[in-house]
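The structure's right below; bear with me while I get my questions together.
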Amino acid sequence: MKKVLITGFEPFGGASINPALEAVKRLAGVELVGGKIVVCEVPVTRFESIDTVVNAIEQHQPDYVITVGQAAGRTAITPERVAINVDDFRIPDNGGNQPIDEPIIAKGPDAYFTTLPIKAISRTLQENGIPCQVSNTAGTFVCNHLFYGVQHYLRDKKIGHGFVHIPLLPEQDTLGNQATMSLETIVEGLRFVAQATIDNPSDMIIGAGQIC
Amino acid sequence: MKKVLITGFEPFGGASINPALEAVKRLAGVELVGGKIVVCEVPVTRFESIDTVVNAIEQHQPDYVITVGQAAGRTAITPERVAINVDDFRIPDNGGNQPIDEPIIAKGPDAYFTTLPIKAISRTLQENGIPCQVSNTAGTFVCNHLFYGVQHYLRDKKIGHGFVHIPLLPEQDTLGNQATMSLETIVEGLRFVAQATIDNPSDMIIGAGQIC
Amino acid sequence: MKKVLITGFEPFGGASINPALEAVKRLAGVELVGGKIVVCEVPVTRFESIDTVVNAIEQHQPDYVITVGQAAGRTAITPERVAINVDDFRIPDNGGNQPIDEPIIAKGPDAYFTTLPIKAISRTLQENGIPCQVSNTAGTFVCNHLFYGVQHYLRDKKIGHGFVHIPLLPEQDTLGNQATMSLETIVEGLRFVAQATIDNPSDMIIGAGQIC
Amino acid sequence: MKKVLITGFEPFGGASINPALEAVKRLAGVELVGGKIVVCEVPVTRFESIDTVVNAIEQHQPDYVITVGQAAGRTAITPERVAINVDDFRIPDNGGNQPIDEPIIAKGPDAYFTTLPIKAISRTLQENGIPCQVSNTAGTFVCNHLFYGVQHYLRDKKIGHGFVHIPLLPEQDTLGNQATMSLETIVEGLRFVAQATIDNPSDMIIGAGQIC
């Protein structure tokens, strides 16, 4: 019986809603084949976001951690491949911080790869009719910050972790300027992300690269 | 008690599904405030598509007609502003026809504007959390062909009509290359299109233009 | 010896530059095979823009008129297929007008098709290495207004006319948010538009349609 | 007097042209303020591409190395922030290799950050009217492979290096499906990249992050 911790960010940048938070509310306590989901809400503030997830890990002792954030404009659920050791915030976080080109962890390695089976996850969602695509950049804002910080904390532990970006909800862009995804599809997609993570201790060897 | 005929195209271009057809299946018989929906399935074949809808109009005697088709890549439900008198098919229709720059109606006017309240429709969907945007081109394939042909048939009749494009379904692009919209959101959106049509015998004066 | 009048809009919307104006400055007096180019600058103001071009037509007595405007975000030179009889301005024009859903010509037809050989034009530019694509919407701002108004004025005259949208210049979006095209490419492209217009009294039958 | 080595890839993926190669041909021997440019052509083949640039570095003994490749669809010149230690080729390289999720350097670090002053470079190009934007992913094909491999080779040497992606040329997409940039603008842009590199031994602290 595996335990999967899924975390979701609060709203930020003046928004009143964050699809990641709405999704984790619906995923709390959901049963998987051979596992169950626990969740936690994360502030959109550098350092504090990492502390919050680290505390949740210590409290819940999960086998896997899936951190989730909103990616405006994306058309698919996108498991991230890599976290990089830099904060370069285009807008202030919810604590008013706006660092430029500062390391997340001083003298930390330049990057950490995900330890989730992102190819198996993508295949699983696609086979279930949900748009999914590996992403090679988690940006340089709080999403990447949290991804890197949690990966650094887990570097010597036997807990898989990765970050997953999700699209905006339809109600977040009713003028239709950007792609969106319904909350039902996002919740179902994240449930498959968790299930595929449990089901694939080793990732599949499937091409999902980008030329650039 | 108003009757609204909503029509949906069959799959085309090698696809096995068309969100317009899936949506109208779910909209058949749906009750509105002051009205109800009847539906009809339309072949993706020039002329035959028009004949099919004209026959359905003669059979159902609706107050309003909403013809619906799939628009790959669009991020919103898009009521069309204008139909133009030209067939320029990028791919063959389901009957194998691929005309280039032929008129739909010989000596017909160059265009017909929609007679649906597209501004009120857009406002209604947006207020209900569904991405909606007026479009100024219905393309030059069978969607525009049907829009023009039905508008020409109705030119002296007191039946409102317009064409509405809808996005792909998530399962139609699981690699995430294009925006999609869930069937639930599309069906709810089209129900609001029908309701707003009944509720607004005259359109609202709301800006929804494009610079180009 | 054919005379081609090419017109370019002034800057608008707070910009200090308009690629259409920059291009026509460089095209003034340019010789073509079997023709020459004359130009005129056009204010971005409804009605006044039409009057300006009509005056230039009466002064220059051209064989062909090519009206040109800027289309932010487009990746190609785009000859427009059709002008529609509606003003729906997303932003005010340079005279402060911002009409919503008003006709350009009261009781005018809903649309006019271009009378330029847009398929031959597209083929010519493409063969000369310049991105070109037929567009099916000129928007609902002053570009479409001028296109419609000039086409209406010319409806019984033997002067070909159409509107061509061009991309932004690189210096108009140095942050790289939208596609741009160099002034050299635009000028060369518009010269080919004029040459292809002279060379093709009848358009080629080449598919260049859009599904939607 | 600083020496800047700029390298450009051969055509790949069935294309007959690569803007990177065309650009470096024109940049060979160009004089900068306080420096000059030398160039080298690079095969689009994993490992061999790295060897070629390493050989050129050993031959030319440059102060800075700027590796350049084509990025279809991008609207700007994009200095890359980070190279990651993975080959995941969507298409075969010119040697027929198509690795999936293989490391470029076994047991190498997960990533290397650029050692070019990418913020100063971006500012310089923007101030000179050339679209430029920091990119946070160089993809997972030969561009990233070369970027990572050269950075690994230089890790203990006092030679700055980074990768710069450039858009397609207009003649590479005459149908206008993607953004392009003229060769003149690309060449001028890369000259500014080299000049800004010489002029800024330390990078500027300017925000250029992405939310995701």
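Note that the chains take the letters A, B, C and D in the order they are written out, and that residue 1 is the start of every chain.
By our rule, contacts are C-beta pairs under 8 Å (C-beta built on N, C-alpha and C of every residue); 3 or more make two chains touch, one makes a residue touch a chain.
These numbers come from a predicted model, not from an experiment.
Judged by shared residue numbers over all numbers used at their interface, chain B and chain C contact each other through mostly the same positions, with over half in common. Using CA-based centroids throughout, the chain positioned farthest away from chain A is C. With centres defined as mean CA coordinates, chain B is found 37 Å away from chain A. One inter-chain figure worth recording: chain A and chain D are separated by 30 Å, centre to centre, where each centre is the mean of the chain's CA atoms.
Separating the CA-averaged centres of chain B and chain D is a span of 47 Å. Across the assembly, chain B contributes residues 74 that each touch 2 or more other chains. Counting only pairs that meet the touch rule, the chains in contact are A-B, A-D, B-C, C-D.
Put simply, chain A touches chain B in their complex at residues 74-78, 125-127, 129-133, 170-171, 173-182, 184-185. Against chain A, the residues of chain D that register as touching in their complex are 13, 69-72, 74, 81-82, 84, 86-91, 98, 100-101, 109-113, 119, 136-141, 143-144, 165, 203, 205-212.
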